[in-house]
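Each of the next two complexes has chain A plus one more chain, namely chain B in the first and chain C in the second.
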Partner chain A sequence: METVRSPSKLSNSHLEAQKGPEGHMVTKRLQSELMQLMMSSPPGISAFPTSDSNILEWNGTITGPEDTHYENLTFRISLSFPGNYPYAAPTIKFVSPMWHPNVDLASGQICLDILKEKWSAVYNVQTILLSLQSLLGEPNNKSPLNPYAANLWDTNPKTYKQKVMEHYQEITD
Partner chain B sequence: MHSPANYHDYTEPTGTTDGVMTPPQDDSEDLQQIDDMTVYKLTRELQDNEANKRSLIGSKLPLSVLANEYVDPSFKNKIESMASNGLYYRPIRGDGNCAWRAVLYGLLDLIGSNKEQCQLMKSLLQNYHTMILDEAGFEKIAYEDFIDSFYEILDSLIAQGPQYIESNSFLENTELQNGSIVCLRFITSAYIKTHSDSYEPFLEGESIDSYCARNIEAFSVEADHLSLAALVSALAVVSLHISYIDGSNTESETIHILNPDYYVDQTDFGSIKLLYRPGHYDLLLDP
Partner chain C sequence: MNKQTRLKQVFKANKHLNLIDSKAWNIVWDYLNLDQYPLPPSKEIKIAFASLDPSSVFSAYSSAVHSHFLKNASPLLTHQSCDNDVCNLANTVNVVKVHYVQRWIALNGPPAHNQKLLDACSALIEVSLPSEIEQMTTDLYIHAIEARNPERARTVYSVFRECGLHTFSDSCLTSAVKHTVTSHVTNSYRKTWDSSAYDDLMYWIFNVVVSSLSYITDLKESELNAVNDLACDALAALRIEEIYDIVCKMPQSEPALNDLSATLRTPKLRLDLVNTFLSQSSISLLRAGIPTLEIICRYIATMEAFRRIEPRGVLLDRVARPIRNYLRERSDTVSLIVAGMLNREDSPISYISESIKKKQAYRDTGDDYNDPAWVPDPVDAAPDFSSSQMDIVGSLLNIFESNDVFIREISNCLASDLLKVREYDVNTLESQLKALRNRFSEAAMQSCNIMIWDVQESAATDAHIHQSSDDLSVFHSHIISRYFWPSLKEEPYRLPQFIEALQEQYGVRYSEYKPLRKLKWYGVGSVAISLELQDRTCAFNVTPLQASFILLFEDTAEGMTLDTISQKLGCTKRVAEGAASFWVKEGILTQNGTIYTVVETTQDDSDAVMEEDVEVEPKDEAQELRDSLGAFKPFISAMLTNLGRLPADRIHAFLSSLSSDENPYRSSKQELIKYLDMLVEEDFLEFDKGYKVRK
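== the complex of A and B ==
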């Protein structure tokens, strides 16, 4: 699905189309965030633009926190930033199959409040990835995208772990 | 003219379907398959498209112009009684940031003709307000670009004088205005977080962090009374004078005055006047 607003979709509003949504802020901001991420390189998370030509599309990885079902497992994610980032949230998906209450297994879509109604420019790639990482160990079972996973989390940890491993694909390259 | 009671819902009759939100190309998609996130994004986009047809900050008009838009006497009479005092107003775009944008313009209007006050505001941002952000744990990477937008406006105001905020290079500058609005939102959130004892009792059990994330830090979410009270205290250089107009039977508007907890370095730039009609804020100005 297209997540970056194309110029044609902005043509409804000539004012916006002329000036661009929020101008050049997005590039400067993402460059700073990339720098921050490279300098601090927090354990268990990484992210980088997919190509030199487009800073709006990133790939990343998240490794499960210790003492959780996801310990030592590493998952690929994709990050797609809208042209008016950080006013609007990036779209983040699991590319690796992820069996988790708040992740849609088929599409990789994630249900996390800070990517929706609680989104604000306070967050950045690093804080989002750290939130996602902790979501792995602390799912929100009240509004699951994967109800079976939510149910097993509460009732049967052993089967839960089996399910996680059944779907897990190790990253090879 | 439009019915101001439906201010937010009103669409300019353009005669074309340009303004109507059309889903992306793959609209064969079954409605059932559209997930929450897509609905949320489409709704947001629709609101943006509607709001974008109005000026961010409209021209300064006598309040009698607004009174003439009303038929309903409960609104009309109150606005007429205010108009008789010679007040003017500037309509502010109804994009969920109206109160913030009105306060931004109101502040710039108060200090615009006095270079020393503009300089003072800039140095307060640099030293005082940034300190609150740091104290509340805001990351520099999150706020620096937005503070820069505010600096840039103040620099232009110092260089060009009050005509700068009358010029299109300011009035139509989405980037600088919105950046400064985020700056105001962050400072307000930071103030609440560093004075949580004063605000927590009003949140009906919601945590400070959650309230600030949903209502203040999130762009395009309308300011409630608590947010404005906190904004005034966070700025610590102005008071806010809000005239409430509604459909009640009273003859005149209800006035709320919000004063800061304290004025930083006894700096009092004066009072910003807002006009509130249900769901929307505009800026009131002296002649």
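== the complex of A and C ==
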């Protein structure tokens, strides 16, 4: 077992972290996660760092799962990793407009427990993306960020789908 | 301050002033003048002193010493210590002490006054020593102990001692010993668990620490013991800190566990050990991401390790509880343990099947108070701690309160194994079962026994049925007692017609053999088939479903969709898909979109050879590019999917920055561009002012 670092020691800001020894750990971890993601290339999800100089910022792409309102639709997300990752959760947002009970339409913020209080260092980019993908088909309507969407999901699937398509923007360059 | 003024001060302070013979007083006071170098007193001075009241002189002298010290000696000491040399400082301290004390002692006054003056002096010196001197002295001692050259330390130690600075000096020496021992233990023994550190440490203590110490000071036996205890505690603290890793490294780390067992002397250390292990294991082991099997392996290692540390099992009892509670929540715990007990080849804990064979005596008689060697459980034992000695299997079974879950799982495993058995050969399974009888009661094993018996009985029945007719060919059956077997999971599907005919015929014969009984068929068991393809013949042992599935392809060269197949088999699409993926994996079928077709010839066909003949040169270059850059295709694809259109420059820069030891990127930009253009030709990418993934 490697030495377990106490998370409290790691509350550095991004820049510091990138230089310090912990920053090296973040870089290594993210590099190996990227490698793992590339090797397995799970269908419908994908992610990549936005620039070769900063591995803490990634873009991701999620394709809606089959037999859901989001089937065949593709959405862009942004992933931002803190300097003490994986001891703290990355910040993840939808960049594409997203009509979904647990996503704030305006800001793209996502309400998902594993990205907040249930975060654990065993999660990685791949599990996050898979969780997000399944969130599309199984929203948690108990704590919606978009109550209108939550309401429609239960009562009027047809209008729901219409709304999804209304806000959907295909990814262009 | 001149003599006169000082005298006035003293006069003011002293009530006995009027009684003092002023001449004798003057003589003595001249002698005691602190601005002079101390010389031995003359006879005259001694006589003068004898005529005076020693208490008055002493109290006058004490206050003179006090003010003189603060004015002169204090700054001197402070200034000295800035030179970073403890030896010089010790000399100065000595000079200061002599300066104030010697002239008084030479007067031969009452010994109580001497002692009082000495104490006052030591107190003044100690207060004047700046804070860093403590660290410096400690460092000097550390150096002395480690370098085995304690000459200077010895001098300093004895000076301080003579000057009455025992407490100060001893506390420095103690922290020096502590520091030396702790850093030696950490540096020499950290992560070295494959040999005993204890003996080595004791040798080092005796030969290095004790020998240096006894040169510096006279060691008493109690102090010797204290040094030994200190070493033990330091080693215990190190091993406690590493405990989880040590447990993980079993059995190579056994010497480290022996160390721990030898050094774990106090209840506090025992508590530390338990708490450290609990917190480390809850961080590293008891979490969602760890496979159940790994937790079971660690649980076994924990048991072995803590038994070694403390055979009585009190500590084990405390550390194992959380792991047991956690394992109870995992749904696959039982099946994994049973797989181990039944010695399944793919189970990494199959070695526990060895220990199963040993009879386990369930001897939990409680406390036997007639036993003269009886001792109470230690204070840290849990209230419900029982000292029964359980082996590994016992402890694994102990995870759950009742054995029922295991019995159920064992009969499930046995059922599926028995149904796969060919030729009714149950010997291996029977002997495995026999071993389990040591652990479970006969009543609990009853259904398992009946299942074995059923299969043996089926053999006789089957032989009889085959005797009376030979048109049943290779069709055999297991006749099972429904009441004792676990209910068989069955997805409905249709067996091929000729099999159904055989079943019917078999059933008729059976009813003739055993009147008033009827067979109800289940589509489980195993089928030996051999597939004749154009270029090869393959033999398989498969399930009846898989066999029925492949049989559908017997007469047709065309492919079939899953819909057609599931319709023909009369089963759900999901069931058909399971069978299909088996045959695709075996390389008998190939999936093209939704269509499954038979692979009549294996892949290395003549097409490839022809291609090679036609275009040797370009193929080589393309192949080379594929070899060197193929591994990066997923990277390129992910990069372009997530970042949009990118020029070759950016892609090249990205790949270079992501290059790692396992996956090095060595291509030049030109090679990359050639490869990217190849991908464009293959319609994987498109190019327009930058590359982009084609949708």
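In the analysis below, the second predicted complex is superposed on the first by the 149 of 173 C-alpha atoms of A that agree within 3 Å, B and C clash if a C-alpha of one lies under 4 Å from a C-alpha of the other, contacts with A are read in each partner's own complex, and residues count from 1 in each chain.
The rule we apply is simple: a residue touches a chain if its C-beta (ideal position, glycine included) is under 8 Å from a C-beta of that chain, and two chains touch if they have at least 3 such contacts.
The structure presented is a predicted model; accordingly, all values stated were derived computationally and were not measured.
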| query | For A:Met25, is the partner it touches chain B (first), chain C (second), both, or none of the two (neither)? | reply | first
| said: I'd like to know which partner A:Trp58 touches here: chain B for first, chain C for second, both or neither. | reply: second
| query | Which holds for A:Met165: it touches chain B only (first), chain C only (second), both, or neither? | reply | neither
| remark: The intersection of the chain A residues contacting chain B with those contacting chain C is 1, 120, 122
| Which residues of chain A touch chain B in their complex? | 1-2, 9, 12-13, 15-16, 19, 21-23, 25, 28-29, 32-33, 36, 86-88, 91, 104, 109, 111, 114-124, 127
| request: Could you please specify the touching residues of chain A with respect to chain C in the complex? | output: 1, 4, 31, 34-35, 37-39, 41, 46-50, 52-53, 58-61, 76, 120, 122, 171-173
| request: Give every residue of chain B touching chain A within the complex, in rising order. | output: 18-19, 24, 26, 35-38, 40, 44, 49, 52-53, 138-139, 141-142, 144-146, 172, 174-175, 178-179, 182, 185-186, 189, 210, 213-214, 217-219
| query | Which chain C residues qualify as touching chain A in the complex? | reply | 244-245, 248, 280, 283-284, 287-289, 634-635, 637-639, 641-645, 650, 653-654, 656-658, 660, 662-663, 692
